[in-house]
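As written, the chain order gives the labels A, B and C, with residue 1 at the start of each chain.
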Amino acid sequence: MAAMAQSWATKAGIGKVAMFFWVLLAALPLAGFVTDSPSFDYYMFMGQSMLIYAIAVLGLNLLIGFNGQISLGHSAFFAVGAYTAAILMNFGGVPYWLTLPIAAGVCFGAGFLFGFPALKLEGHYLALATFTLAIAVPQLLKYKAIAGWTGGVGGLLLDKPDPPFGIPLSADQYLYYLCLVVAMVVFWGVFNLLRGRSGRAIMAIRDHGMAAGTMGIDTGLYKTVTFGISAGITGVAGALSAITIAYVAPDSFTLQLSISFLVGLVVGGIASLPGCVIGGAFIVVVQNSSQSISDWMKDTFSLRYDVPAWAIYGTLLLLLMFFLPNGIAGGLAVLRARLGRGSRQS
Amino acid sequence: MDFFIQQIAAGLTNGAIYACVALGLVMIYVSTDHINFAQGEMAMFATYLAWAMIDAGVSYWVAFGATILIAFASGLFIQRVILKPLETAPVLALVVCFIALLSIFNALAGMIWSFTIKQFPSPFPQRDVFGNGLVSVQQIGVVTVTLLMLCLLTVFFRFTTLGLAMRAAAQNATSARLMGVRVSWMLALGWGLASAIGAIAGMLVAPIVFLDPNMMTGILVYGFAGALVGGIANPLGAVAGGFIVGVLENLVGSYIIGNELKLSFALIMVVGVLLLKPAGIFGRVIVKRV
Amino acid sequence: MITRRTALASAASVALAGSARAEKKYGPGVTDTEIKIGQTMPYSGNASAYGVAGRLHAAYFRMLNETQGGINGRKINFISLDDGYSPPKTMELARQLVERDQVLLLFYPLGTQTNTAIQKYMNQKKVPHLFLATGASKWGDPKNFPWTMGWQPDYHTECKIFGKHITANVKDPKIAVLRQNDDMGNDYLSGFKEGLGPNWEKMIVADATYEVTDPTIDSQILQLKSSGATVFMNITTPKFAAQAIKKVPEIGWKPIHYLVSVAASVGAVMRPAGIENGQGIITAQFLKDVTDPRWATDPEYLEWKAFMDKWNPTGNQLEGSNVSSYVSVQGLVHVLKACGDDLSRENVMRQAANIKDLRIPLLLPGIKVNTSPTNFYPIRAEQLARFEGDHWVLFGDLISADAG
């Protein structure tokens, strides 16, 4: 089933459905010209968050879904990306758009280096080692020796960029497009990477590392480089988040963030590119809707207690895993296969 | 010198707690090959049950025993009801299930008992062993209980038929099944035992750190570190690893790097040990058959 | 959609009322029957113990709505959301409250990093960001942030009071500091040093930090004891304060123990830590300690107790947050009442910055709330208290930050 989901995923990555989808995403901000709803900018902001999470989940998916290395520590690379952007903008006067490639480079380096010890660790061991990394991040960010750069516990406040060249967009519309363009570039890049020779090597290592090695694939190199690319992509997401939130602080990069990425990844669909976008949306939407469900339950059944939103969130996750263990994208693929059985084209 | 001894005693106490948590992790890892991220929250929830019983007037030891039984039963229940249907699901789907359980237990405990800390009674008297403030009875007690648990488990696995069946089920499910072992129930039993061990850990730690729904979060991290350092497939290793982490963390924190980097030290220790001895200090290297 | 209707409604009401009576002016979130108020609160995550405040506020507004029909005939629609103590989440929720839900103001959002994340946004949007639940000293800055106002006495001032008390009363103090490794710990420490005076470097002999994720602080307490300190400055949050209070006598250390007010709740700290362990600890207070028998017949206390029994029955009455948030919500009610029918955001800020000698029940006798366009620190006085028996006993005079 996973294989089916995956073949659909990579094929449709640039297919008609995907094209339609990206165009739709690009058209959404235009609604701002016909509505004068004051919440419009807020929805644009939510859109930015979803895209940012989608990029981060993509980075993680490349590593977990396609290369088979489990990481629970990607909040660390997200943090490195965010802080790189923040420090460059704050102290170096670097324009915000230039911080994106730099953050990608820095995180690639960090991920590449972390990839070496990761080589020796497999499965659960790697998961737990990266779990410890995620826990240690806020403490490291606060460390007094680097507090001059990171702002210590207080974090760094940034300026939110305005649209350049007098483009008639609101700041949030503009930032949405910035996130969208970055997302498209990254998704296109990963799609091409996976389709080619390197992609096949990356996936061969996941499917059977030893066999891949025997066939002449330099598994060590591929694994470390994949780790680097994965971290680099997540770092770009971190930099975007620093730009859109305009504030970085140690408490923003807790284990909770890593867990969000993982949940988005699994719920969206392991080793599925469309799944990353679904996962990104899930992270943003479901946490908010659990709150709404909780409020609704309290009003409807006139409960004395609040039903805690996190209990609802957990229950939702359990149900999802029960019915769609391969994620939403996996479920869609199964559905599609069933519907298309009568009139299969290829 | 006093300071050094006290730091070691405090480290051993912490270490004992980490060791208990690590033991629970190892139990589940050995019997089902999963890492249970909800281990800490399950222990916390069990401890609240004990607290509620004691608060309602039940005597300490009755509550203690009842909690262990309840924890054992709910461990079984979780495995049979929630995890069994997911036997064929990808590993990551299970990880997400554990995260879901973690959220649910944490939120429910907060709803029922609030997030304000609670005092949990200790079975050990509040006094020194030697009367000089170096080592308290509480510390000795915690360490003893941990070691006792380790012995019991070792005896159980080495010398009982059930223990043998559980080991067989974990090591080679197919052969075990052919020999008449009910493999799937053995997995559930592993969960039940892990959950009961967690409950004991929770009740040992609560008098020291105070009971609140986030009580086990920090401990779980060090429990993981202990399990990894000692070897995650080996109860003895996990306990030793827990003690090593507890003591080293205190010594390195007070003498070398300062308190600000304690957690980072745990990270370095984990990565370092895994690089040099991937199966943990006391782990046996498993030869893979291809 | 809602806002357009609101705009129409308010335009109509203005036209009807004409110039005969005081003009009704409504900001977003206000109608003839409703005032919408937003809040962010850590109901989950490491700081979830503070969520008590949001629950009390919700109960208080429910009480106002059901017994008095709200404020000036407008019911309060109170939206309190869980940010899990994470700054990006707070930003998202603040935008949701301001832009989608169209609240009039944000009241008592909790946390320093979380409020720092939204402070600029709130000021750009010109939305009142009132009575923040954090004691950082940076919130009283009307020149740069005219829409943000703190509430409680700030950490800096409080620890300055401790510092002065030590230099005045302890001969040749050797001080050990335990603090949380975050902005609260830093703020308190800097105030403490200021209070000690220029010789602080000689007096502070040990300074240990801990993280909120640390399971225990035993190791730190041992480090502090071994420094030979005679004074212990305990800058912690409730759970770790309780651990420290219990541990200090256990290892045979007998320092003069100062405890910051955020961790001085009898129900949440002193009782769990063991009453016998807390004897003689010194703290600073600006609220009445409701466990103190001295207030047992005090009408203000009885009023609070009646409220708690009826409207917040699940709240722990020994918990300090249930007192402090009861006081803060009345500050807001005062401001909204003072606004009358001019509930524009500008007027809310104007009224908030013109509180004169307001007496709120359960503040210590003599403490009054005062603000002005240049003073955005509503409460600035505290009094020292010592733990005796099972409650705090006040001693000395009120100490005001301005005088101190």
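Here, contacts are C-beta pairs under 8 Å (C-beta built on N, C-alpha and C of every residue); 3 or more make two chains touch, one makes a residue touch a chain.
Here the structure is a predicted model, which is why all the values come from computation and not from measurement.
The interface with the largest number of contacting C-beta pairs joins chains A-B.
Among the other chains, the CA centroid farthest from that of chain B is the one of C. Annotation: 36 Å between the Cα-based centres of chain A and chain C.
For the pair chain A and chain B, the distance between mean C-alpha positions equals 32 Å. Within chain B, contacts with two or more other chains are made by residues 106-107, 110, 221, 260, 262-263. Within chain A, contacts with two or more other chains are made by residues 135, 139, 142, 305-306, 308-310. The set of chain C residues that touch two or more partner chains comprises 43-44, 181, 211, 213, 314.
If you check the complex, the residues on chain C that touch chain B are 43-44, 46, 48-49, 51-52, 181, 208-216, 218-220, 222-223, 225-226, 238-239, 242-243, 250-252, 267-269, 271-274, 314, 316, 319.
Residues of chain B that touch chain C in their complex: 2-3, 6-7, 10-11, 13-14, 17, 106-107, 110, 114-119, 126, 132-133, 136, 205, 208-210, 212-214, 217-219, 221-222, 249-250, 253-254, 258-260, 262-263.
For chain C in complex with chain A, the residues that touch the partner chain are 1, 3, 28, 43-45, 55, 81-82, 84-88, 91-92, 95-96, 98-100, 102, 112-114, 116-117, 120-121, 181-183, 185-186, 211, 213, 314. Chain contact summary for the complex, chain A toward chain C: residues 37-39, 41-43, 45-46, 49, 135, 138-139, 142, 152-155, 157, 241, 245-247, 249-252, 254, 256-257, 288, 291, 304-306, 308-310.
On the side of chain A, the complex with chain B involves touching residues 2, 64, 70, 117, 120-121, 123-125, 127-129, 131-133, 135-136, 139-140, 142-144, 210, 259, 262-263, 265-267, 270, 305-311, 313-318, 321-322, 325-326.
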